[in-house]
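Two complexes, one shared chain (chain A), two partners (chain B, chain C).
And now, the complex of A and B:
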């Protein structure tokens, strides 16, 4: 047991020296990765970065606030197409990203209103309807989706003499680093506590003065902001957009990542993102089997490790810390 | 002026009158015990006071302000905190976080502070929570997940969470049920101490009449949604209607 001498010490993000050491090592590893990995792997890790932003957001909503949502594809599409149209107007990348998050966040609040009345499976069905509706709107509206050709988006210019892929890698690395810090900070503050209180016992939370209206909508807004930014970054990486990139399968992918990574865990979201990005890459010649793999993994995870990958990771850490005792 | 004034509230669920025409005045810094057989409407009264149910008719005034149509969080903000009969804790949080949720109302809710991890305010509230932890003897359980704590500890955490709100009126729904006799004595001592130390008014539902009558300044008896007796604990317990409600005719 460590001796904690002040409240300030107790509220630090990284409490143990060991944890800090491993995190620094991991960050250095990630920074050096493009220098010795093949470009293909740099691309895969960049994709993991992009996904892990949105999945952290959805974990705040599903894992921490306990509001089951299936509208992720809708928010992704809104974020991505907002990015696309703004970039056609020629505004700078960071501004575009902010507005794609903001637009998705506004729609998140709209979708959040039913959550004030509905719980569990009923809310899931409402949000599912939203996701499908957004997809249909984009498919049927040529002004929004850019018609058959889709939208072509200007890609990131290579900076500082790096290759284009490496520039993407570092750009997304910085963003995911900031978003991860933001998630940790939010979750450990009064906002995060209000979210968890609503999940664990909404009646008690309300009796303690946590406004359900405000915090449920806030949770929807934050999670959709994250997902909208993911959509924007995805658009930037791909360089083109069409509605078929945001089918229901995308919703399933993000939902699977949240469950497999571990509900209510920021690290878990990143592990979950790594899982859903790697599976299609590894099984690229048997694409039809990917939903099967997702389904089977969810079954296995829910039966043997309900806490997901992050729960398993915590148990391994505990085992190593206790070793050779058990 | 009384702190809490209930005028003729009635509420019915379908054909059942859960409360009919209840009036009650609660003076400041008093402990009032509410007794009655099961299903007589004691918890329904608490749910009406905290905004979980909205009475069909009547008025409820807290410090002269009508709180009848307010939502539970608005009522909590005006200064009513409660505990629940069947514990309603945040089971996956640790004891400390549960108590800090009780401080939620007292945070200045500037969204930039949590995002940038500026935790000055949090430290301030931690100090207040530590006093409550000392008062309730929860030091050993500070970082334990509530679901893993024994029942007696969970009861104290729930009491502490309500205390953390610093309410004017504290509603305790069976605060000593299910405890060992030793814990009951401690809890009774603490309830009395809360009134003295934190200057709170306490409304308390309790089935253990021995402890309830020792604690309470006055007592109210309910039976099938109606108030059948009010007065000092001795008066209420000698009231023939109350005896009939508990023991039946003859």
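And now, the complex of A and C:
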């Protein structure tokens, strides 16, 4: 979209004054949201924040590195239950979240090994198997899943005189902000370039000196870390965990968000999260038609905007920049 | 231009002031209306159970046509949560500020995720269909807003095993159960009876399945090989039908007792002839289609919502929750507040909604209205009650 003349310029997150202005305005809007929006919207946006962290992670793997994965529900469950058990031991929230991500990241590396030999649908099946295996392990192990009553987790206590929901909102807002910055920096770093090189042509990438083993595993580890943190934040928000919250349906939700939001796009991941959280919510009055509306909306978006919501967003920005000329 | 801006400013100020002046003393209550929120699975894997929410709404419509309660119409906001806890919490948050009370919450995970909402927002919950032990473990001071009449799976399993041991001579027992909290509580109940039987009964097999499984022939063989004379099913309706068909294929027809979610005679349509002779449990707060009182209510519900035809059992289940709420509203009197509704609910004593069920009782120290079971027998397309209701100890 922009003419970039130096590497330094390429590393800058915000290249134009206008972009910076709108981002600052958006951030101010988000900071002020709990003061003028109903608690329902504060909750929905909090959920979008939580989802967008994991979806950014999956976009790093699927969109930027080109590795198809269907194991998201497994990483989510690992992150969530790690958080749950640590929380029961009384350890602090941020430590729990770090270990949620770390544990999921370790499993991400293990799942990443087959990616060194497998591609496309074969890799998809392996990761799918992982997701199902994790679900089965949690269902069958009462020690891990908390038994028939599940795990009840201490919720976030209200801070600074704010309501509990507002506290959740700001806590997740700060985290999603940090993870988004991390994603942008990662993508524009040499690591991100290695990921993109692997996606575009792995043989060529290797010939140029990109270690496929290291970067494919790293991509799995990073994306699983993000998804594990999402699981931990979800556990903290719900205050309760049971294995049935992490079925294949969750995998589909995250996968759809990545595709709808737009492959290889950080802002697309956030738009995708907003889509999967808000569409069922906005149409919840249509009752049994929600799956139909959901499915048809996905079809329409992909037919008319193959680049997803971020593609549309890019076109809108171009249009506004050129206005009134086309 | 300035005049226009002035008008816009004036309108914005008026708009912002509406909530200030339009605020009623109690949210969700006016002289002519009381607003009830229901979040239930109308789509997704548990969409069938959403008939409970629809049944509750249909009964509210019927009550409204009878003049409402103390001149107030019961207005229902029915929202779909797809059996997803996060969406259920979102629905409750969306309805907050509009509703006075929540009715007929469904799903153990949903109930668990939503449980703090009621105390935190001082909104009463009248009936929840999910593991009642959630509430048994819940802090007593927060139970003030919770009123539930759902049976405990473990107590029911104990009742079924004890009944079969004493009245049917069961000695070797086996259980086929769903590998989740529901199935495991059934297993726990049976284990307790076996260990208390001092060797008179034994648990010959405990065979779990996953809700996604459909091929159950090996499970049926395991049950057959156990040589059990009585098999207990803690399953979904479709899995009960599948396992019984597989058991019949291998020539295994033991006495079969099933949990109350399969107390609906529609099982004859789902399972076919293998359902004949099965002993389903009945839940304490609801009857069984075929009973006059049940059929009368079912006819009313279908009149108000024809899509409930074929789902009468679940619809009446939901309608009973709405009847319980309506009784609480009636007892609360004209001056309706959260506290007066709670007092009204706690005034309910041995009350059978429209003559249905074993009768429920609430009090300041008891918010588990009825924890009851009885035994039915599947005979020629109907479920015939063969025992009186047995009331287990309320859990909270």
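One rule holds for everything that comes next: the second predicted complex is superposed on the first by the 303 of 326 C-alpha atoms of A that agree within 3 Å, B and C clash if a C-alpha of one lies under 4 Å from a C-alpha of the other, contacts with A are read in each partner's own complex, and residues count from 1 in each chain.
Rule of thumb we're sticking to: a residue touches a chain if its C-beta (ideal position, glycine included) is under 8 Å from a C-beta of that chain, and two chains touch if they have at least 3 such contacts.
All values reported here derive from a predicted model rather than from experimental measurement.
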| item | value |
| --- | --- |
| First, second, both or neither for A:196, with chain B first and chain C second | first |
| Which of chain B and chain C A:185 touches, first, second, both or neither | first |
| Touched partner set for A:208, first chain B, second chain C, both or neither | first |
| First (chain B), second (chain C), both or neither touched by A:291 | second |
| Chain B versus chain C as contact partner of A:242, first or second or both or neither | second |
| Interface residues of chain A shared between complexes with chain B and chain C | none |
| Parts of chain A lying in touch with chain B, wherever the complex brings them together | 7-8, 10-11, 13, 181-182, 185-186, 189-194, 196-197, 199-201, 203-212, 264 |
| Chain A residues within the chain C interface of the complex | 38-40, 43-44, 47, 136, 139-140, 147-150, 152, 155, 164-165, 234, 237-240, 242-245, 249, 280-281, 284-291 |
| Footprint of chain A on chain C - complex, ascending | 42-45, 47, 50, 78-82, 84-87, 89-91, 93-94, 96-97, 108-109, 112-113, 115-116, 120, 131, 133-134, 137, 179-181, 184-185, 188, 210 |
| Partner chain A, residues of chain B touching it in the complex | 50, 52, 71-73, 76-77, 81-82, 84, 88-93, 97, 100-105, 107, 109, 111, 113-117, 119, 122-123, 126-127, 161, 165 |
